[in-house]
Amino acid sequence: MNKDNPGNYFEDFRLGQVIAHATPRTVTAGDVSFYTALYGARFAVQSSDQFARAIGYPNAPVDDLLVFNIVFGKTVPDISLNAVANLGYASCRFLAPVYPGDTLSATSEIIGLSENSNRKTGVVYVRSTGFNATGTAVLDYIRWVMVRKRDETAPPPAKNLPSLPTLVSAGDIGAACPPLNGAAYDDTLAGSARRFGDYAPGERIDHVYGMTVEEAEHQLATRLYQNTARVHFDQFTEGKRRFGRRLIYGGHVISLARALSFNGLANAFHIAGINGGRHVAPLFAGDTVFAWSEVVARAELPERSDVGALRLRLVAAKNRPCPDFPDRSGQDYDPAVILDLDYWALIPR
Amino acid sequence: MNKDNPGNYFEDFRLGQVIAHATPRTVTAGDVSFYTALYGARFAVQSSDQFARAIGYPNAPVDDLLVFNIVFGKTVPDISLNAVANLGYASCRFLAPVYPGDTLSATSEIIGLSENSNRKTGVVYVRSTGFNATGTAVLDYIRWVMVRKRDETAPPPAKNLPSLPTLVSAGDIGAACPPLNGAAYDDTLAGSARRFGDYAPGERIDHVYGMTVEEAEHQLATRLYQNTARVHFDQFTEGKRRFGRRLIYGGHVISLARALSFNGLANAFHIAGINGGRHVAPLFAGDTVFAWSEVVARAELPERSDVGALRLRLVAAKNRPCPDFPDRSGQDYDPAVILDLDYWALIPR
Amino acid sequence: MNKDNPGNYFEDFRLGQVIAHATPRTVTAGDVSFYTALYGARFAVQSSDQFARAIGYPNAPVDDLLVFNIVFGKTVPDISLNAVANLGYASCRFLAPVYPGDTLSATSEIIGLSENSNRKTGVVYVRSTGFNATGTAVLDYIRWVMVRKRDETAPPPAKNLPSLPTLVSAGDIGAACPPLNGAAYDDTLAGSARRFGDYAPGERIDHVYGMTVEEAEHQLATRLYQNTARVHFDQFTEGKRRFGRRLIYGGHVISLARALSFNGLANAFHIAGINGGRHVAPLFAGDTVFAWSEVVARAELPERSDVGALRLRLVAAKNRPCPDFPDRSGQDYDPAVILDLDYWALIPR
């Protein structure tokens, strides 16, 4: 809890510390509309109460990334207000569906600390968890972030590097998706006949369309998530810094790329987990985002015949269409790549 | 239904073909708020549950053009993804009111095909219909659009030009407006004392105010409608094409002009039908839209003493105020004109 | 009530005249989401139904300034369409909480008139009141505004200057806040442990963060409030006038500064009254807004042990961080200052 919040600096964190974040947030149909306007998402399950009910939801669930972004936003004032860089995500699981009317809150546990050799910054590893009003966890994920020290002479903490799983086991996903009636899942309304069995590991899909981002759009999005990181909002200050521009929130990029992926993955309606993710390069207003996906693997879920899981790599690039799949080679990425996200999507069988 | 949707090309369409479009959409109070923020609409019936209930609606109906734009958006991936130009609308009727909570879906029937002499493109005529969750048609309209051929050597279809009524009969409109209690309709709250009898054919009304359009606004709008036409979103690609700019979705222009028309037509609260419409010239971000209306005709509706119909021409112009009513002379329009829409509005008697 | 509304000119107003404004508006969860996206407000009471219920609200009330802006918007077509300048506010009281689903309407009484010596303009003083659907007043405030005369030769009205209280008595505020269960108010979730007793008169708080405003943002906001003042929307016309730019609606500045003030005043969740306010200088798109607050006074409320009132001065500046509290000296303000607002906020004891 903060007073006149200056945010935490690296030396303020303690291993094992649990932080309850401020500002619980009731998610409403208003947020759902806003999310649609921001990204143009078209997955039928999240778009239509009628479609969702037909297959077994009580009504349309809230888009998984809207939940992620809201939970993430809560963590910012305590975790990353003094961050230099958001380094990565791992082990993200969506644990329960979220519906309009649910109130989300969040906590974070410090699971690792490692001061950098320059003594000016350190890496903080946190496991953040989002809860609904009944106290049920709806989402958890690991994030690590490079945070400034307030005082360079502050003694470093004992170095603790948590284990960072590179993969969420297929046995650990699916809890946020109720048992579905696959027969009632209407491929025509969903926009594609391609189901679980129609995607093969190694397949690459160009999502074709590009979306140009405006300053007003990413600012509206980031405020909708109550994310307070100043780099996204303050041109006066950012104009004098490294990029000379406001930096677009990484979650905006993920949501945009995911919405673009509808074109080719229309039935992969639910993000069940995120294995890892990296913001390879920054995005700025005026840039146009393109995306492509690779089917990394296909997995059956224990005791579920309704849906299967596709492990997907979602790669976004700026100002570069992706028919030839710009990618990583070794440690280097094609200079246009901005996002490399490895996630599990559920898709009807 | 599409896989990795490349959209249909001219030679993919067949006369009589019926296409069920993807992504049903539950319309909510969130969409209504967003629509208000986009255009500033102020018609009391759509703005206030209390006002709407007083006159006989169960609660405030969704703005007709929000319904139109959502239904139109669904047709884009199947009908006009490869369009060169959206040529016109005809015979549009609003058939049932839509309320927050209703889920909209859409189908289109191919009612005409005509290849162009250049063999590179052809005109596709469709009748599109929007439905609510009970399967009741809420809207139908004819649209014709010039679509590219995938293969210029593909044989042309038999030429079929549908009859395109230039007027929806006054006997065919009004189904989306329940019987109203005119006595409970409060002119003061509605913003004008001018009712059906106070408008005379030939009258022209300058709507006075101008509204400048920003890129973020039309992109948010077009995504809210889940309209995927890439020309509205992708500056990287459009920057290299004819206009060098993203093109603003025509439905955004119609909604904007209609909202401006409140100033002079405050009681003409319901669009019952659209006789025809033409996007005379493109609109780009940074342009300021002005509008004026002409009362073309006045019609009583069969067996209805509560409301009458005004046939209105709504003309929008860019970067040019309209006190002198910039118009068409013969086939040519004043160069500032961007929209010429002929519609029926219901207004209390 | 207007026809083809040209707005009222100075000589159209009469002392004692009561104007019922057009377009009642049902406030919904959609408006609440939009407001969050516009300003990033994070006060827990307005953000979370669960938090609000725990302390005694039926559910999360609508942000006070959203109510203010909607009511204000209704008055524009009748009061300030021909305004030269919005001069000030006084004696604003929030009288009843507003919840999603409530329908707001507004009236204004002309309480003062004073022609200016140039005979081209005059000052109109109005007391505007917002009502919910049951006819309960939810808000009232005095505003004075300089309005053009239609005809410079029109005879001046008798000069009537109303008394303009510089302070709303602490005994007159709090009606919009139900009795709260302070024990259930969770400081951690609210984001701060500082309560009533932790603020001392004379204390100054830098809210630190800056927010850059985009044209699309203020236009969306101002339309959401159905405010029709053309200076905010019409670049074609404004581009040729004094500023060469669209002017940002003053209520947008207040909402932005108030949202920024969360950082330091997280528990001051409710604006109970506004003693006075002045838009010291205009704001334009591209400018970055910073803000600071001064605790002017602290007041107990009659018979309330749950909450107390802080009298706060909220000062906003453009393109200038505020660690040194840019302020007024005599009649002159620091050239960066754009807003000086004196209000009462309720805060748990």
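Letters A, B and C mark the chains as written, and numbering starts fresh at 1 in each.
Everything below uses one rule, namely that contacts are C-beta pairs under 8 Å (C-beta built on N, C-alpha and C of every residue); 3 or more make two chains touch, one makes a residue touch a chain.
Predicted model, so just to flag it, every value in this text is computed and none were measured.
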Is the contact between copies chain B and chain C built from the same residues on both sides or from different ones, judged by whether over half of the numbers are shared? different
Between chain A and its twin chain B, rotation from the CA superposition, multiple of 5 degrees: 120
Centre to centre, by mean C-alpha position, how many angstrom separate chain B and chain C? 36
Multi-partner residues of chain A (at least 2 other chains): 28-31, 33-34, 214-217, 220
Which of the residues in chain A end up touching chain C in this complex? 1-6, 20, 22-26, 28-31, 33-34, 77, 100-101, 103, 105, 133, 214-217, 219-224, 226-228, 230, 233-237, 246
Could you please specify the touching residues of chain B with respect to chain C in the complex? 28-34, 36-40, 42-44, 47-51, 60, 187-194, 205-206, 208-212, 214-217, 220, 263-264, 266, 286, 288, 290, 319-321
